[in-house]
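One structure, pasted below without further comment.
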Amino acid sequence: MTVQLNKTEMQHMIAKRVAQELKGPCTVNLGIGIPTLVAEHMTDDHIYLHTENGLLGVTDVDDESVDPNLVNAGKLPVGEAVGASFFNSSDSFAMIRGGHVDVAILGALQVDEHGIIANWAVPGKNIMGVGGAMDLLVGAKKVFVTMSHTSKDGSPKLLKECTYPITSTRQVDMIFTELAAFKVADGNLVLVDLMPGVTLEEVREKTEASFTIE
Amino acid sequence: MTVQLNKTEMQHMIAKRVAQELKGPCTVNLGIGIPTLVAEHMTDDHIYLHTENGLLGVTDVDDESVDPNLVNAGKLPVGEAVGASFFNSSDSFAMIRGGHVDVAILGALQVDEHGIIANWAVPGKNIMGVGGAMDLLVGAKKVFVTMSHTSKDGSPKLLKECTYPITSTRQVDMIFTELAAFKVADGNLVLVDLMPGVTLEEVREKTEASFTIE
Amino acid sequence: MAMIQHEITDALSCVKSGDTILVGGFGLIGAPLTLIEALTEKDVKDLTIVSNNLGESGKGLGKLLNQNKIKKGIGSYFTSNRDVGDKYQNGEIELELLPQGTLAESLRAGGAGLGGYYTTTGVGTDLAKGKEEREIDGVQYILEKAIRADVALIRAHKADTLGNLIYYKTARNFNPLMATAAKTVIVEVDEIVEAGELDPEAIVTPFIFVDTIVEAKQVLTKKGVVSK
Amino acid sequence: MAMIQHEITDALSCVKSGDTILVGGFGLIGAPLTLIEALTEKDVKDLTIVSNNLGESGKGLGKLLNQNKIKKGIGSYFTSNRDVGDKYQNGEIELELLPQGTLAESLRAGGAGLGGYYTTTGVGTDLAKGKEEREIDGVQYILEKAIRADVALIRAHKADTLGNLIYYKTARNFNPLMATAAKTVIVEVDEIVEAGELDPEAIVTPFIFVDTIVEAKQVLTKKGVVSK
C-alpha cells in the first residue's frame, strides 16, 4: 500500500525523481507546474536554468528580493545566478530551436505509447495557449515529461494514442509520474522504475499504453 | 572650359554635391570610395552615419585616436559619435534590408538609363566581392550613386543597358558624376543640374543613356 | 531621432481604427501599460493586436479587449486571460495562435525585411494546418510568414534623447523585436537620459527604430500596477 | 560551461580534414588571428571556410589559403585578397559568393534552427541563379538556406569563466552569429574574467554557445598584427 501523499508532496516526489536524471554541466528549461519544482531538488552545481522569456541563469528568490520584472515562464518571481544573461524572445527561442538547450522538462495532458505528447489544447475547452511548448519539443536535446499518472476521473493519461492535439511529432525521452518512470527506447515505452510502494499491477491497471519492462 | 581638377579634387566635388541632397534628421550609409568623402561635406548636424560592419554613429577620427578595431565598411579607421551603438552583422543588415536606413550612397561601375546599376562584378576579372551592395539596394529608402562619368578609356558609364552583372532590379534615386547630377523619375533619367563649367553638349557626348532635362 | 512627447494622447495620434498594433510584454511584465491605458481612452476599433498574451482579465490589454476594440488577436498564450476564451466562443474576436518562438521569429523577420522562414516548430501539429511544408537537407520544416504592423507600443527601461533603448531584466522579452517591425514605434520608459550616457556596446535598440518616447506613468510593482 | 584551454593546439584538436569552419572577422578586424595561426600549423586539408573575406594576401586566412588547405570559400568579399582570385582562375579553389547580409542572416538562421528564409537581397541578379524565387504579399523574394558548420573559430573581447562573451566595437561583426552555428565553438579573447563580472544585460553571447576559450596571442594593433 502506498502512503497517501497530498498533491504538493506528490508533485515534489515526481520533481525529485526527475532531478536524479540531471547531471551537469547542462542547461535545463523548466516548464510551468511540476517542472518548476525540479529546481528545488537538483543536487549538481553545474546545472544552469534557462527560461524562455529571456534569462539564462535562473535561481530562486526570497520574498524580500522579489522583483516584478524578473520572472520565469510561469510569471513567477525568480532570481539571477552569477553569470546570468538576459536576451530578447527571438534570441531565446533561437537558443531553444537551434539545439543549444540540453534538457526541457514539460508537463503533459496525455502521452502516447511512442512518447508523443499532447499538452496545449483540449478540444471544446478554452485552453488557447501553446507558449513555448512546441519550440522546446523540436529543439531541446532531451525532453522529460512530468504528469499525474491519471486524470482526476481516474482515466489513464498514458494512452495508445493521444486524443488531444499533439504538441510535436518528436518523441520525448522520459516520462515521470507519481507511480513510475518510463523511458522511450526505439520508439516504445519502457518502464524504468516504480515509485516507492507502487506495484507493477497498479501501473498496468492505470496505463492504457503498452510498455515493456527494463 | 572646365578648370582641370585632379582626381581627389574631382571626387570631393562630387561628394560635396551629394552632401547638398542630405537633409537631417536621417541615417545614411556610405559606401567605399567617393561616398566615404561625403561625410566631410555634410552641413546638417542631424545626419547619422551607419556602417554595415556594425556601427550607427560613425564620425571621423584624428590620427592620434585611431583604433584598429573601429573601422568603416572600407576598413578605414573611424570614430564614434555621441549616442553611437555597436551591433552584429545580422542586426546591421536587418536594419538595412528592413528599410530602417534612409539613404545609401554607393559607387557604381555602370548605370543604365532606368537607374539600374552594376557595381560588383566585371566578367573575366578577379572582382569577387559583392559585400553589402545588394542589401543596401533593396533596403535603403533612397539610393544615391556616385561615379566618374566615363571609364579610364573615355567610354560612357551611363549606358542604355548595363553590360556588367546588375546589383539589383531596384532603380536608384540619383546619380552624381563630375559632369552632372541626374535623378530617376518614372523610371527614366532626368538631368537635374550640370557641374560648374560643364556644358550640356559635353554631357550628351559622354553619355550613352537617354535622359531628359528637368 | 526620436521625439520626446509629454502628452501621451499626442503620442498615440497616429493610431486609427483597423490598425495592426504590436504590443510588447510577457503578460504584464514589460508591457507598455501607460500606452495601453491611453489606447483604452481613444476612440478606435477593429484593431488587430499582436502580443504574446491579451493581458489579464481587466488588466493591460484585457481592458481593451473588454471594450470590444480588438477584432483579432495574434499571440501564443491567450489562456492567461479567461475573457479571451469567452469572447472567442461567442464569436466576438478572431484569434491566431502561434508558438511563442514563431511569434518572436516572425516579428524579427518583419523587422529584418524577410518574407518568411522555414521552422521545425509546429511540424505535424494542428498549428501547421494550411501552412506549406517542405524538406530541406532531410529535415521537415513549415513556412511561417513575417509579421509587420502599423504601430508598435513597447516598453523599455531607459531611452537617451536620441532614442537609443536599454531594457530591464525579463521585461525585455518581445519589446526589442517589435521596435523593428512597425511603421511607427512608440516607447514608454522609466527614465530619459542624455545621449552618450548609455554604453554603446550595451544599447539593445539603436535609435533609428524609435519614433516617439513617453515617460511611463503606469508601473508594474510588487503590489501590482501602480500609477506614478 | 566552456573550458579554458591553455594549449592552443589542444583547443583545435577537434578540427579535421574536410570540416566546414566558420571564421569570424571583417577582414582582419575581429578575426581570430591566434586560432587561424594555429590552424596553419595543423595537418588538415580540404577545409570549407565560411568567412566574410579570406583574409588579406599572406595574412590571416590568406596564409591558410596559400597552404592550399582550403577547398572551398563561402563569403561576401574575396576581393580583399588578390590571391583568392588567382587560385580561383587556376581552379584551385571553389568559391560561393553571398551578399554580406545574406551571409550574416544564413549564419543566424543556422544557429536558430531554421532551414532557410526568403530575402529580397539579390532578386533578379546573377547571385539569385539557381535559387527558388517566390512572391509573398506582392514582393519578390529568393530562398536562402541556413549555414551550419563543424567548428567556429571566433574572437571576442572578454570571456567570463563560464564562457559568456562581450565584444569590442566593430570587431563584433560576424563573431556572435558564428558562435551559434557550429557544433564546436572555440573563441580567443583579450581577457578572461570571473563569472559575475560581466553585466548580465550586456552579455552578447551567453555561455551555452561556447565550448573552448583561449587567450589571444596575436593581436591587431595600429602597427598591424603583433604577437603578444
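Going by the order they are written in, the chains are A, B, C and D; count residues from 1 in each one.
Everything below uses one rule, namely that a residue touches a chain if its C-beta (ideal position, glycine included) is under 8 Å from a C-beta of that chain, and two chains touch if they have at least 3 such contacts.
For clarity, every value in this text was computed on a predicted model and none was experimentally measured.
Visitor: Can you list every chain in contact with both chain B and chain D?
Guide: Of all the chains present, those in contact with both chain B and chain D are C.
Visitor: Pick the pair with more C-beta contacts: B-C or A-C?
Guide: A-C
Visitor: Calculate how many whole Å lie between the centre of chain A and the centre of chain D, each centre taken as the average of the chain's C-alpha atoms.
Guide: 36
Visitor: For chain A versus chain C, what separation do you get between their C-alpha means, in angstrom?
Guide: 28
Visitor: What whole-Å value do you get for the distance between chain A and chain B if each is reduced to the mean of its CA atoms?
Guide: It comes to 56 Å between the two C-alpha centres.
Visitor: Can you tell me which residues of chain D touch two or more of the remaining chains?
Guide: As it turns out, chain D has residues touching two or more other chains at 105, 108, 112-114, 119-120, 167-169, 201.
Visitor: If you look at chain A, which of its residues touch at least two other chains?
Guide: If we look for residues of chain A contacting two or more partner chains, we find 80, 86-87, 90, 93-94, 96-97, 138-139.
Visitor: Once the touch criterion is applied, which pairs of chains come out as touching?
Guide: Result of the pairwise touch check is A-C, A-D, B-C, B-D, C-D.
Visitor: Okay, in this complex, where on chain A does chain D touch?
Guide: These residues of chain A touch chain D: 25-27, 46, 48, 50, 56-57, 80, 82-87, 90, 93-101, 138-139.
Visitor: With touch defined as at the start, can you tell me which chain C residues reach chain D in the complex?
Guide: 105, 109, 112-120, 134, 136-137, 139, 141, 145, 166-169, 199, 201-202
Visitor: Going by the contact rule at the top, pick out the chain C residues touching chain B in the complex.
Guide: Going by the criterion above, the answer is residues 1, 108, 110-114, 160-162, 164, 180-181, 195-196, 198, 200-201, 203, 206-209.
Visitor: Chain B touches which residues of chain D in the complex?
Guide: 26-27, 29-30, 52, 76-80, 82, 84-86, 88-89, 95, 97-105, 107-108, 119-127, 167-177, 204, 220-222
Visitor: Applying the document's contact rule, which stretches of chain A touch chain C when the two form their complex?
Guide: 51-55, 66-71, 75, 80, 86-90, 92-94, 96-97, 121, 126-135, 138-139, 165-169
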